[in-house]
Structure formats: C-alpha cells, structure tokens
Amino acid sequence: MMKKLSRLLLTSRNQISRNITNGKDGNLSNGLLLRTFTSHAGISTSGQNINVKGGIAGFSAPYIVYKGKAAFSVTPVLPTFTKLDSGLHVVDRGGCMMLKFTPAIGERKYDWEKRQLFALSPTEVGSLISLGSNDTCELFHDPSMLSSNAGQVRKSLTVKPHSTGGGYMISLTVVNNILKTKDYISVPFTTAEFAVVKAACSYALPHIMGWDRVTEKVEKVNSGRRTPDIKFDRGQLMDSEWDK
Amino acid sequence: MMKKLSRLLLTSRNQISRNITNGKDGNLSNGLLLRTFTSHAGISTSGQNINVKGGIAGFSAPYIVYKGKAAFSVTPVLPTFTKLDSGLHVVDRGGCMMLKFTPAIGERKYDWEKRQLFALSPTEVGSLISLGSNDTCELFHDPSMLSSNAGQVRKSLTVKPHSTGGGYMISLTVVNNILKTKDYISVPFTTAEFAVVKAACSYALPHIMGWDRVTEKVEKVNSGRRTPDIKFDRGQLMDSEWDK
Amino acid sequence: MMKKLSRLLLTSRNQISRNITNGKDGNLSNGLLLRTFTSHAGISTSGQNINVKGGIAGFSAPYIVYKGKAAFSVTPVLPTFTKLDSGLHVVDRGGCMMLKFTPAIGERKYDWEKRQLFALSPTEVGSLISLGSNDTCELFHDPSMLSSNAGQVRKSLTVKPHSTGGGYMISLTVVNNILKTKDYISVPFTTAEFAVVKAACSYALPHIMGWDRVTEKVEKVNSGRRTPDIKFDRGQLMDSEWDK
Amino acid sequence: MMKKLSRLLLTSRNQISRNITNGKDGNLSNGLLLRTFTSHAGISTSGQNINVKGGIAGFSAPYIVYKGKAAFSVTPVLPTFTKLDSGLHVVDRGGCMMLKFTPAIGERKYDWEKRQLFALSPTEVGSLISLGSNDTCELFHDPSMLSSNAGQVRKSLTVKPHSTGGGYMISLTVVNNILKTKDYISVPFTTAEFAVVKAACSYALPHIMGWDRVTEKVEKVNSGRRTPDIKFDRGQLMDSEWDK
C-alpha cells in the first residue's frame, strides 16, 4: 500500500513539476506548495522498507532539500529504552539524525532505490552544529563494523563550505567492496537551507540523546485523576556529589 | 461576532492611544499595557476572515510591532497531518510563519482591510535566522503559482539593516497585475524587536516543520490509566543505516 | 503563614551565612547548598504580597543572585488568556520577565520591604538577549502610565558591561515624585551569572509571548481515552497567504 | 541486580572492544553501536550506588565520552519541589548537571569505584556555556562545606582549550585531607564532543533551574475529562510591577 502511494505521489509530483516552470531549483520561490508535496515524496521514500508489524504510531516530517542531481532529507530517530527491574529506563538503542541521499534520474525525478543512508550520532551532530563558516568536516562510517564484513563497506560524509561563500556542499561517498560499487552523491545547500539543518539538528539533539525523557516530569495517575507530581525519586536516585 | 469584537477593540484602542501621549512610537516605554491591547487588536485582524466551522480550539498570540506607517505581526502556523492506513501520520499541509503587514490610516489607526500576508516556509525562516548583521535578504512569492493566474501577483519581502546600524527595515511589495495595484508596506524594527522576531522564529521552526510531533513520546492509554510508554515502534519503523 | 516562613528562612539563612566563611561573595564555590537556600529566601520575597484566593497551583523557582549591596531575582510570568465564544483563546494580560531588586541591610540580610520590581516585556527581553559584549541598554517604565498619576513614578533599568570586562552591572533607579523618594539599587553580575540570565530569558521568551500555547498540539479526550489528535482546525483557522 | 548487570556489560564491552580494532579512540568512526553500548556501561556506573527504595521511575541517558585515560559522563539532575499549604511548589533541593570522571585501568576498562563527581550549579553551567574559544574556566567545590569537615576535601574543575586549537581538556582534581589522597582525572574533548556538552547543558539549564515547571501550563482534570486550562491563578499570584 505504501509502495502504491509512493508511485502515486511520484506521478503527481511530475505533474506539479511541469507547472512550476517559473521556479528555479534551489531558490526560495516555491513556497508552501512545493514543500507540502516534497513531504509526501519523502514519505514514499521511507515507505519502501517499512516492516509493518500490527500498526505504526508516530509522525513523519523529514526536512527535504531537492536539487538537480540529488535530494537530501534529514529526520530525527529517537532512542529506544529498556525498563530495568528497578523501574529505571535505560537506553537500548541510541538515537540519531538519519540523513538520506537520493540521486536524481531526470528532471525532478529521484531514484529512491539508490538512496544512501548516513546516521549521525549525537557527537557527529556536535560536529555539524559547531562547524565554523570556513570549516570542513568529514565523518567515516563502517556499517558492518562488528560483523564479518567489517571494512567491506566504507561511507564518508563531507560537509564543505562553497568556495564562493554562502552555503555548503554535503557529499556522501559509499565504497562497497562486496558489490564492487562506488557511489558519490552530492547536494549543494544554500545558507538558508544549511541554517535549517543546523537549527533542526540543534533542536533534535537532546531528543536523540534521550534527554527529553530524562528531564520530563513524572506524572502519577490515580483512579482516573491525572495530577502532575514531583520527582522525589529522581533526587534519591542520583548519587550526590556531597554524599561521596 | 468576531467582526463586532474587532470594531470594539479598534474603538478602545483609540481611547487608549489618546492617553499615551508620553509614549513615543518605537521606544520601549509602553510596557505591558500597550502589549496587552495590541494582542487584542491582532486578534481582530485575523478575526475578519475566520471561517467558523463548529468551533475553534487553539490559542492566538501574534507578536505585533506597531509603527507610524504600518503594523507588522508574526505568528506560527503549524503543519497539518494525515493518518495513513499504517497508522503513520504524514504532513498534509506544511507549516509556516505567517507575516502580516497592515498600513496605517491615521495616528495609531491601521487599515485591516488592506493588510498583506507573506508566509515564510521553513527554509525562508532559515534565511531570516541566519541573516548576518550587515546582510540583506530578499524573498519572492507567487501566491497563484500553480493556477492559471500564475505570475499575475508577485510578492517580494526584503529584510535590510538600517544604514545607521542597529535594527532592520522589513518591507513587503505586492504587485497585482489583475487588479492593477502595487502595494508597498515597510516597517522599521529596532534591534530588540528584530531579536524577538529571530528568537521567536528559531523557537517556532521545529514546530512548523512538525518536528515537535516527530520527537514527542508516544503515550498509551489503557483502561483509564495513562502511562508514558517508549517508542519501540519508532525504532522498528526507521530504516537503519546498518540494515542497508 | 508565608510571612512566618519568610522570617524563618531569613533566620536560618543567617545561621548558614556564619558557616560559609570560606566562600567569598560572587564566586562560584558555594555550589548546591547555597542555591537551595536562596530559592527559599526567594519564595519568602514573593510571599509577602500574595493575595491568596482559594489556593494556588503552580511552581516558583526564581533565579536569584545575592551580592553584597543587593539581591536580584528573575522569574517568568506567563500571559493569561481569555476564551472567545468561537473557542479561540486570546491573550488577556501579556506575560513578562519579572525582575526584583532588594537592597541589603547588613551582611547577607536583605530588606524585602524595599524591593523594587521591573517587568520586562518580550521586546525588552529582546534588548537584553541581543546585547553585544560592549553594549549598554537602558529601559524606562512609568508604572502609572495610564492613570492620573502618570509621570509621577519613573523607573529606569540600566544594563552595562563592567569597564574591566567580564560581566555586567544591572541597576534600577526609581524616582517617586508622590512619595518624594529616589531609590537606586545596583547588582554586579559575573559573566556566568549574566549568561544564566540571558539563557533563561531566551528560554522563557516564547513562553511569556504565549507561543508555547500557540504551538502545542490539541488533544482530544473521549470517554476516558486520551489520544493525541492533529490540529486540522488550526489550518482552517489561519488565513492562508494564497487565499488572499 | 544492577551490580550484576554492570559486570555483564563490562564483559560484553570487552568483547566488543576486541572487535573494533579499526576504530581509534576519540575519532567518530564507531557510530551507533559503540554509543549504544556506552549507554549501558554508563548505567552500570550509576547502578553501583543506587539506593533502591520501592522502585524508581525515570529515564537514564547520560552523555558519555570514553577516552584512553578516563571516561566522562554528564547528566541533568532535576530539582525537587515541596508543596506549601498554599498549593505553591517551591524548590526543595536545587537541580544540577552531574559530571562523572572515571579513571581507566586498562584498554577500554574503567574503574567505576574510583569515579569522582562534580555537580554544576546553574551559575556554573553559565560559566561553561559562555566560555569563549580561548577562555579557561576553573570552579572550586568543598563537598563538606557546611559540616565539621569543611575544608578537608577540595575539588577543582578546569576547562581549558587545547593549545593546538580545536577542543578542550576537562580536568578534575580532588584533594582529600582526611584520606590523604589526591586524585587527578583529565579527559580530552574534541570540538564536536564539547559542542554536545555545551548544547546539552544549554538545553538542560532551564530544567535544572525548575523553569520547565514554572512555564508549564496547569491542567485541570474533572471527572475523567482532561482539558487544558489557563493559569488565571498565576497572573493573580504574581505581584505586578504596576500594583506597587
């Protein structure tokens, strides 16, 4: 069903594309309508490998930048927690910012089958948001690091300011020694688009670290009444500097 | 009813205006009282084209700057979501920051019928919040972009630092070839007012992108008990970089 | 009862003061214990003019800086809203950051009866948070602006960097022509203390503007089940730029 | 039980360590898997002195940096509140950012028994987040300040930029005159890691100050229905500048 939706949206996308002949790629003139449609296209992307198990709760709203040669999207992925016997929840799988790079296969057409992923850890988000205006940063991943295929696939992400000033180029290189492939996908960002990526990553950082959960108030529910309550437990839990 | 309220508030506004003869426009001496009243006036603005359908839930609190020749207001507009069969919510209509420019028609009187709107997309908000102290930014919209009237109405928003330093001029030009009109509304901002606009837009950005929904915790409700629960589904939903 | 608490705390405060002979004023060595106690003292301040009506819900946690000649506290005051017949909530009384200045009357004793208030509007908060490291800002208030006493009381707040660098002096002058009094209270801030004030004001700004309410999700409650729901109403409410 | 979990994790940690021979310490190549495992190790740390009383609600998600000679973790600790007879909640025990320093006792092995704590007050967090790129800051604590052991234990935390640029060294010195010990633990931070610490502390600051509670909306619960309501009480509670 999601796949069907994906096709449907790609179709309507193309129809829309034909109409916006007065909007150049990368400028800001397309406004709300283009954004709305790109959100749908973004959904179709992630829809292709959803493993539906009974039903999905949640919201999808990736920030997507469409450019001539490729599209880029970024969305936060929250950590998951495990509840210990003590009642304390600890991080099970860490959160990340999921970047997706999708090569173009024609005017405003993108080949979702060839998209490449790069998941930024909190520290890697720190690299991104602390990037000075003339700084370059490069991050390396080995997706099969702990398996027998370690070293077979190498991904590198480069964020580099345009030499002409104003904006950045974000590039992903994926070398796969098993499939004997090398992919290179590159997306130019305007200053404004990069500012959104930085601001959105800054906003998301505490969430992918799980600190939104750590700082939230505990609420008790008694017999239908829901009253905010104060975390006396939390204070007792933490080992005080003074207790040592 | 809203229209009546609008008139009422404009009347009381004028009564108040007569009293604040010792407060000059653009300075900060008016404090809380003026702000409270401007909030009401702001409501009257949006009240004029409310399409009431059964009842409106929600809160209105635009940030308004009143100046001699025009008033400016800004308020976030959240995206709307559609629930797919899978249970996932996807963006239906994108969010924006709605700017309103209203020309003055007398001392502290504004002509709400002539107000002009400009909706900033997330990327355009990125332009605004990344603006250097000597930078100018210009944004163009065609409200009827995808209709047969494409190109007939052109809006351009300019944000420009004062040549004397300290503050910005924000101007909106609307050329309407159908009505043969050209409107130009310009509002001077002090450094403090512009700082509020930037800070408020930075705060609102993740919300108009829908990321507040993406990062929120999922809560289960069972038989009257409301217990926070952890997003295992979310983790399963997202395609991992490592799964590829 | 609050008054009694106030006395109690001032007493225990002095007892504590005698013990911290190795902690100099303005340095950071006192850590958690001093902070905890100052929070109580802060409560006693506001306790003196509480007008109890049936019971108060809510939390009090002012940020307080105690110095040799005076104490300073800051706390956000949220706006209040009125519900219109349409169901929309509009700002009734604007929010502010409430600053309190209390002169010392002895070593670590403060005269709460002589405290002076200064309520920062959102735009005035903009002045504070956009202050450059060498900038000075001055704000003027007339508390009885719209009454027959207009002009009789003049308050001015000055924020000025230390000439030696590193930190600011925040001073409040209150000239009361009715009581024939002139008060001047001045509090030196370290860079760290001023950073907390700026960061805390930046955090609070959207809240005192009411934007936390504007951006919050609407939740429906049906027959005991509480399910997050999406704001379709909000989208319909807002007048679109494109509809114009 | 927590202790057992701690051992278990240290074991699996070592197994994992042997596998990641191609990942150097301090670089960013380890991605999600390492982060996930460090979160567990972090739990084991705090698990060793948990004083379980009936059950702990809450979430643990410290940000941990593992380096050759020591590990560093930081997590927010929320303030606790006491409810007065009036219904107002006041700060009982102030919040802080809890820093933990743990010396290494072998390759990727850390001696949790020798960990040292340092609790940053809000003002000390202000020191950290306002630190210029060439600035050094030093903070002193006396954990037994108000007891008969005052002056016997001295802790000092130093944050110092690397002389080669890019990143900081965070060091903790603990001199204990009772035990006749002196500990020095030092952890190098990359620019990215320090950016995460700063961003995470900035996010957490209003929470450890209790301002998330001060700015939250009050919600009423009537007979199973949960409707957001507006804080009229709050407005009446706060003494207005104008009322004075």
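Going in written order, the chains are labelled A, B, C and D, and every chain counts its residues from 1.
The working rule: a contact is a pair of C-beta atoms (placed from the backbone, for glycine too) under 8 Å apart; a residue touches a chain by one contact, two chains touch by 3 or more.
Since the structure is predicted, the reported quantities are computational estimates derived from the model, not experimental observations.
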| item | value |
| --- | --- |
| Farthest-lying chain, centroid of Cα atoms versus that of chain C | A |
| Same or different contact residues where chain C meets its copy chain B, judged by the half mark | different |
| Whole-Å separation of chain centres (CA-atom averages), chain A against chain D | 26 |
| CA centroid of chain B to CA centroid of chain D, Å | 37 |
| Junction residues of chain A, two or more chains touched | 31-33, 81, 89, 93, 96, 119, 141, 143, 213, 216, 224, 226, 241-242 |
| Chain B partner contacts - residues on chain A that touch it in the complex | 1-2, 5, 16, 19-20, 22-23, 27-33, 35-36, 39-40, 43, 46, 49-53, 55-61, 63, 65, 75-78, 80-81, 83, 89, 93, 96, 98, 116-119, 141, 143-144, 155, 190-196, 199-200, 203-204, 207, 212-213, 216, 219, 221, 224, 226 |
| Interfacial residue positions of chain C with respect to chain B in the complex | 79, 81, 84-94, 96, 119, 121-127, 129-130, 139-142, 145-146, 150-151, 202, 205-206, 209-211, 213-218, 224-228, 230-244 |
